[in-house]
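There are structures below to look over.
Heads up, the next two complexes both have chain A, just with different partners, chain B and then chain C.
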Partner chain A sequence: MREPDSLEAFLRMVGEELDLTVGDGDADRDLADLPGWDSMNLLRLVTLLEADSGRRLPVRAVLEARSLAEIHSVLERQA
Partner chain B sequence: MTDPGNSTLGPPVGRPIQVVARGEVWDRVRADLAAYGTVVVHAKLADLEPDLPTGEELRALLGRDWSRYMDLAHPDVRHRYAASRVLLKLAAGAVLNGDPNALELAYGPTGRPYLRGCDQVDISLSHTEDLLLVGITTRGLIGVDAERADRPMYQRGLGRHVCTPYELVTLAAQPEEERNPALVRLWTLKEAYSKAIGQGMQFSFTEFGFGPDGRPVRAQRPDGSTGTGDEWGFHTFALDSGYCISVAVYDAGFGTIGDMDMTTMLDQDCVEAIEGALRKGDGEVRA
Partner chain C sequence: MTPPLDRLRALRAGGGLAAAYHEVPGLLAELLDDADPARRTADLCRAGRLLAGADPEAVLRHHPDTPALTVAITGQSTVGELVDPLTAELARHGLLLRPLLGDFGGYLRDLTDPAGLFHPAGPVHPAGPVHPAGPDLALCLLDAETVFAEVPTPWQPEDVAAAADRVLGRLAGLVAEYRQLSAGTLVLNTVPLLRTHSHQLVDHRSRARLGAVWREFNAGLLRLAEDHPSLVVIDLDPLVADGGPAYDPRLAGYAKARLSTPLLAAYAREIGHLARALRGKTRKCLVLDLDHTLWDGVLAEDGPEGVAAAGTLRGEAFGGFQRHVRQLASQGVLLAVSSKNDEAQVLETLRDHPDLVLREPDFVRINANWSDKAGNLLDIADRLGLAPDALVFADDSPAEQAQVRHGAPGVAVLPLDDEPALHPVRLLADGWFDVPRLTDEDRDRTAQYRMEGQRSRLREGSGSLAEFLAQLGVTVEVGPPSPHEYPRLAQLTQRTNQFNLTGMRLQPAEPALLADDPERLLLAVRSADRFGPNGLVGVVLGRYTEDRLLLENVWLSCRVLTRGVEQACLAALLAHAAAEGLGAVDAYYRPTVRNHRVRDFYPALGFTELAREGDQVYYRHDLTERPDAPGHIRLDLRVDRPRPSHA
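The block that comes next holds the complex of A and B.
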């Protein structure tokens, strides 16, 4: 898995790696309104991204994100 | 999995009761609450379908949750949101001997749900895939959580975000095929405990832990030393449907309550304030 640069690539990665149905329209959707999404998915995503980049991510900031677009912003700030 | 019988420490919990469509389980639910001070019910989403109201009836049942319900765009998410609240209100209405529509579900600052005006009862909700779960206690605090027992969780790097050092060592010492179900059990216990104390995932899961299955369960510090006493009960159940359910109950000393009628469950301060206002109002009218 390669760390995604664009938001579109990030959404595609989330769908593939976590086996969720995620489209472009889901970027700003509240995570509570995303079918199949839960906190375990969030930690699995963090773990996958950490394994890929070799860096540790700020889990608290990721936990506070309310949408996939916000999670992507956190990742971009870390890049 | 510690089931049945479960951990012998802290407040006891009976085996979760399955609710089916038009099912007559409410006597059992009331009996469990009277016996243990806690009851846990679960339902399959599909089984609850015939009991789900629609239109104005659903609006009345959801009360203030109606606007949140309408904000949910995805039909599946919406449906499950409504179903979990219907299950909660049916169960709470049954134990409080009242009209489910009269119960108002409210949320604390951290999103923790409670029944407004019924302070002697604490509640917790959980759902995963097609399972809905509700816990009700008169003892103090409750948190419930459910996951599929075979959900893949044990993967390289994940444990660092979920487990204490002691748990990581304990998990690694187990046979490989037991590690994933053991981690699912730990995860649901942690979710249940953090829901009970109203913290959610803001309370780092690596700061507290639980021992291995098969012994009395206490919350532990990161090094594995004991963190909670007999006031907390932690229980895990395996359902035939393949789900792992954990329940955390805090006994604040309220025990079990004999009179569960909704009208006597109103917060006493609230009742006195209303009665005082009514008396005052009555006097003013007469003056």
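The block that comes next holds the complex of A and C.
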């Protein structure tokens, strides 16, 4: 898996990794309103991203994010 | 070719995953073989995620014979993360997961509330009114917090000891209570001691005391399984030793996910094999290559003097592998050889070579020839009366591995390579031969199959089947099982696929319950012949209703098929029913993937068709014209109690 740089690439990656249908309009949607979203998804995302990049992510910040755009900006700040 | 994960993604995206579910085991085998070891766990989780997205009911509509397991998952912490790897691990074995997720931290209530999530009132097991409602498997994941939640701050080892005692007592109660509610298997686990606990103690003496207290707690957990046949305790220590770390402090703290992803993945792998065993899919035979698998060197080129399994560093590694294989064989795993070599030279080497741990009598079948290995694997399966999916194949050559994977689908292929020190790791990486409990029959299995060879020779030397049977001198004893036979009896129902008239299987706890049920008739069939005893080879389960006996199922090991044992048993049972004054004996047949050969079992014995319900056929025997018992069999039927009085 490539490091997702743009928001679009990140959304595509999330859709693929979490088996969700995520469109561009979903970036700012509250996670709770994303179709198919459940609380395990953040955990999965963190684990997969870390396993692939070998980098340590700010887990608490990711877990507290309310939207995919927020998660993306957390990751961008980290990069 | 496209990587397997991408093919799964394409199937999922195109909505074709349920329809292609039968291809999934092959795809996952490929995924595990090809994946970079560091990515294997993550890729299997990804595959599990995709598979979990397919509706189990849709899979069953496309593939109605897929064995499905309802698995309840609960525990001390967040357990949802187990679903993906568990979905994938079950799918590897062609099984389908129906997960039931418990509430965070609510395992006591989940497992023991009769009206709770895991004990839905409603129809019982469709294969027969045997199982109380409840999941097939209930996983209760424990972690260090299970104990430390009850330890004050600051603390001493004595505080941990007191908390551990309380928790262990509670868990023992839980196990007993669960057994009253469900005949399904309950799974607990030992709990790794974390450094962040042990090293809160600064003095070595206290730290050692904590270590001892902790191990006593885990030992207590493991011992619970001795008293409860339907309890399995997975020991996490060997899994952590292999794959650590046991937890990620950030995920534990922020998400209450207290068991690490790699540890959950390893746990899921163990559960996959447990589920496999409970569904009668334990592998039975390990087929081994010889050159660079069992010994160093190539026999046809180097000659017997040129191959080694001792004496050199590399040779010793092969000797070590042979000892691992022999250890498995001592527990009922059949061994066979498939090797591209001259048979005479192989037999001579197995007999005379000083280095070998495994000898000719350790193998039930030696196929040494120059034909392709897939064909040889299928031949070995056929000769042993096994399906290809009962075989595991170990070979160091990638070409042979690929040839068998494609030419003999169903066979599990161990990807050995040119590093013999890793052979044992690869052999044991999957629990292909795991069983809930070992029985005397297991320990004796190789001898049984070799005895089978003697029988075949008698058969070949006899003119007709009748003559062979007359010479064989079969005796059959049918009667209530003794308690020490319960594990073997449950195991037989789990392993028997061909002669299994309804596909029903008994869970480890069920024989005891059924034997105590006055409405039921549970009989064990034991047989012997001039070559020796066959042991417990069959089971009859019936239920008395009004003035009739309903045969809920009959199981018979394929080892004794075609000898008239099944006809003799039923003839005796029908005679017994008539003597007890019953009006009729009812029975039914439900087709499964493997039992088509017994489709006409009941009609051939004079049962008449009563009704059809879907593909299930109901039969009745009115007991007037009963079948004759085959003349070559001496049978003794003993039923130790009369039928219930209402009948």
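Going forward, the second predicted complex is superposed on the first by the 79 of 79 C-alpha atoms of A that agree within 3 Å, B and C clash if a C-alpha of one lies under 4 Å from a C-alpha of the other, contacts with A are read in each partner's own complex, and residues count from 1 in each chain.
To be clear about the criterion, a contact is a pair of C-beta atoms (placed from the backbone, for glycine too) under 8 Å apart; a residue touches a chain by one contact, two chains touch by 3 or more.
No experiment lies behind these values; they were computed from the predicted model shown.
By the touch criterion defined above, A:D52 reaches chain C but does not reach chain B. Of the two partner chains, chain B is the only one that A:D33 touches; chain C does not reach it.
In the superposition on chain A, A:R44 makes contact with both chain B and chain C. In the superposition on the C-alpha atoms of chain A, the part of chain A touched by chain B in one complex and by chain C in the other spans residues 38-40, 43-44, 46-47, 51, 59, 63. Those residues of chain A that touch chain B in the complex are listed here as 29, 32-35, 38-40, 43-44, 46-47, 50-51, 59, 63. Across the complex, chain A is touched by residues 9, 12, 39, 41-42, 45-46, 49-50, 52-53, 78, 80-81, 83-84, 250-251, 254-255, 257, 261 of chain C.
By the touch rule above, chain B contacts chain A in their complex via residues 71-74, 76-77, 128, 147, 151, 153, 155-158, 160-162, 187, 191, 201-202. Taken in their complex, chain A has these residues touching chain C: 16-19, 38-40, 42-44, 46-48, 51-52, 59-60, 63.
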